[in-house]
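Okay, so chain A shows up in both of these, paired with chain B first and chain C after.
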Partner chain A sequence: MSFLANAFSITSKDIRLEFRGKESLSLMLFLSLLLLVIFNFALDIDRDNISLLAPGILWVIFAFSGILGMGRTSMAERDEEAYLSIVFSPASAESFYLGKVLSNLLFLIIMESFTIIFFAVLFDFERIIGSLLELVPSLILGTVGFSLIGTLFSFLSTTSKYGEVLLPFLYLPVVVPILLGGVSSMDIVLNETVGEGTGKWHQIMIAFDILYFSLSLLLFKYLIEE
Partner chain B sequence: MKILELRGVKKRYHANSALNGIDLSIEKGNSLTVLGPNGSGKTTLLKILSGIMSPTEGKVIYKNNQASENDRKKEIFFLGHKNSLYNSLTVLENVNFVCRLFSRNNGDASVENILREYGLWERRNDPVGELSQGMKRRLAIAKGFLIDPDVFIMDEPFSGLDIRWRSSTLSKIKDFKRQKKSLILSTHLVVEGYELADYIAFLHRGKFLFIKKKEEVDIEEINGLFDSPEETLK
Partner chain C sequence: MKSGKIMSTLFFLLIILIPLDLFLIFKVAPTEKIMGDVQRIFYLHVPLAFSAYLGFAGVFFSSILFLWRKNMFWDTAAYTSAEVGVLFSTLVLITGSFWARPVWNVWWTWDPRLITMLILWFIFIGYFLLRKGISDQFKKARYSAVLGIVGVIDIPVVRLATKWWRSIHPRLSREGGSLDPLMVKIFLFSLLTFLSFTVFLVFFRFRVARVEERVTSLMKRLED
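== the complex of A and B ==
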């Protein structure tokens, strides 16, 4: 019970930190808006090809904005070695990890909702809102995967002087299966591909989520130990 | 009862050796002051005692291995070189967060008392980032006393404190000692370190030059050790 209580304390502390410092979520939202505008200018998007391009654009934004925000939440822990107040407390490394995963998950969900809404407005693609219910499973599985492995890697990156620069190089190759699953299942839903279901991709994403979770649980304690 | 014990502890950072075979035993209710020049391995030793750092070789034993990892974490509080505070959270939020993790429901009155004692009550709703370095240090110390651990490990507790807060922290630590709790601290301030100690250890190049009862050492001898450890011991 105290395991979950500690994890929730850490999550609520992160929410409060974000509310005060506006360092993570605001950066994520700003980057996703910026990328949407760049894609709007850079790509020749019209009513015919929007549903083909939307999955790729959205998941690229989710991945890049997400890793930026997760990097910031981890940096906040390293400032003045604030994370040691958790490490030296009875809270276990696993509850620390879970608390950080939950707060990252929350920020990612907010960023993704914002991105999808602005995508629909900016590209005049209301159908994505209409298909939201069908998209939710792959969005959740993908976001959970991002958060599970992103929390580990973003903490890992804070141990190095050039960590924030290195983070995307470490993180992006590892989340390729999640990106692939997210893009493909969104493509199937938006383009109503005949004969193909999203089930196969969901299974792949579930498998990777479990793998990321198990690996991170094992490794996180070594990251916070000096 | 032995509360903390080190057996043959060595710590290496790549090619550099920070600790070279440390044996140490601390009885419940005793206090140990670790003195030594910069780079002698004091912080590494304290981090290993607190459990945040694993030794490269050797063993750390807490309560004769009869306490669980969770008990150890509940009963030991480490005040590091840095203050371990969240700059964007307020003074009260920082304190409450740590109390929640330690499952300490001290009540508002004791939080208010300790913050008043450290001159921080008026600033309780200010973000920690707006406090001076000295105030942050006071808050970090206050947090430790609020947790009221069985073993308080302090790395340079007086750094950044002016003379007024140094003396009130000194008397607060003395009160803590009177409760028969264990204290391990490192400091550059020989007089304060001496005053708080039951035992004094002098660390030089990762090895203890001595661990003695306070009565067996005098301050002059310790000061001499800082200048030239080998010569003084000859």
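== the complex of A and C ==
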């Protein structure tokens, strides 16, 4: 089997697992909804400030719900050392990594889409749906970055005795450029900041994604070899 | 030259360099016109930042060498450099804060250099949390090497992203030529002192760590 076919079979395994167990995605969605409610109490959100607050609220939710989901999908591999069957199979560590990145990416995109819809409905902010086309590039680039780092680090953290609890400590500092890029580009789109384009933020997210994709491909094998 | 010899040479050199550096900073360096005496922190703060970066560079290269050679020697080199890096970055953040309060009128500001140092600090606190949570020595070494490499690579990206976000940090401007030549000389001397001190600390901590590892393995053999 080719590299990509191996990766896709890992992804489809995760999707099947998700359909049967409904573990990570449903948890992510519930956390997103819950965080939106909490933000509503914590910040005084109204018509005047919503477009200013939306980028921060949404990207914080994407980051935290993402941590929860990605921690779960890698715990599923660690439970009863399921990943060892992949280590002993002819499939390469890199294809395993890519497969996990793709499934995490898919779950993150679904979670983010629902979060944006929840946000539009709960805060009566339909304009965000109207601007979705302009937001898509930064959402995709940011989510790819989240998934690349999240997949690598969730495998790091689940080995430790602290388990998933460790993940935010490792993950959040490293994804700061993605958070900055995501929040800034959403801010530019929603608040129509004059003279500022989203281009440079897209560039930095592309650089981040390429850098971490190549780095993870080089390093992931060290996390699953026994 | 053996590491013991390097260490004792550095030790004797530092006995002279450190008091001399302090004397130059507090007695010889001219008082800055606007900031006054508080500007003297600059002679400590900037070399401390260089020392912290030197420590983290040590983690980066040792981690690569560990993954390549699979020799525990490089793991010890990586985590001892990380300890020194964390120590110096903590001091950079504290001295920076002491300087910022009278000059910028705030203890902390969201400037790219400050954020980059803080993010580095967080990453390496995470590095030690990760190490603490894994009992198997070889696995611990492998996993922390991966984190060490990823963490250091992140720095230029964080720096660029936060720079686009905002910046108010003072720079040693080349065009402005605002710095007195004596100040530059003392600064360079201080930098040399701190970098030698960093190298000494890494060597010293490395030797202690090797002894610790040897004691642990001997204890294990005794138990068996």
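By definition in this document, the second predicted complex is superposed on the first by the 225 of 226 C-alpha atoms of A that agree within 3 Å, B and C clash if a C-alpha of one lies under 4 Å from a C-alpha of the other, contacts with A are read in each partner's own complex, and residues count from 1 in each chain.
As a working rule, a residue touches a chain if its C-beta (ideal position, glycine included) is under 8 Å from a C-beta of that chain, and two chains touch if they have at least 3 such contacts.
This one's a predicted model, so the numbers in the text were calculated from it and none came from an experiment.
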Query: So, A:26: does it touch chain B (first), chain C (second), both, or neither?
result: neither
Message: According to the stated criteria, A:85 is in contact with first (chain B), second (chain C), both, or neither; which is it?
response: first
Field: Partner chain in contact with A:219 - chain B first, chain C second, else both or neither
entry: second
Task: Could you say whether A:166 touches chain B, chain C, both of them, or neither, answering first, second, both or neither?
output: second
- prompt: In the superposed arrangement, which partner chain does A:6 touch: chain B (first), chain C (second), both, or neither?
  reply: first
Message: Just to be sure I read the superposition right, which of the two partners does A:76 touch: chain B = first, chain C = second, or both, or neither?
response: first
Query: Touching A:157 in the superposition: chain B (first), chain C (second), both, neither?
result: second
- prompt: When the two structures are overlaid on chain A, which partner does A:16 contact: first (chain B), second (chain C), both, or neither?
  reply: first
Task: Once the two structures are superposed, pull the chain A residues common to the chain B and chain C interfaces.
output: 225
Complex interface listing, chain A residues touching chain C: 149, 152-153, 156-157, 159-162, 166, 169-170, 172-174, 176-177, 180-181, 184, 200-201, 204, 207-208, 211-212, 215, 219, 222-223, 225
- request: Provide the residue numbers of chain B that touch chain A in the complex, in ascending order.
  value: 47, 50, 52-54, 70, 73-74, 76-78, 80, 82-89, 93-94, 97-98, 100-103, 127, 136, 143
Field: chain C - residues contacting chain A, complex
entry: 67, 115, 119, 122-123, 125-126, 129-130, 132-135, 139, 142-143, 145-147, 149-151, 153-154, 157-158, 160-162, 164-165
Message: Help me check something: in the complex, which residues belonging to chain A touch chain B?
response: 2, 5-6, 9, 13, 16-17, 20-21, 23, 76, 79-92, 225-226
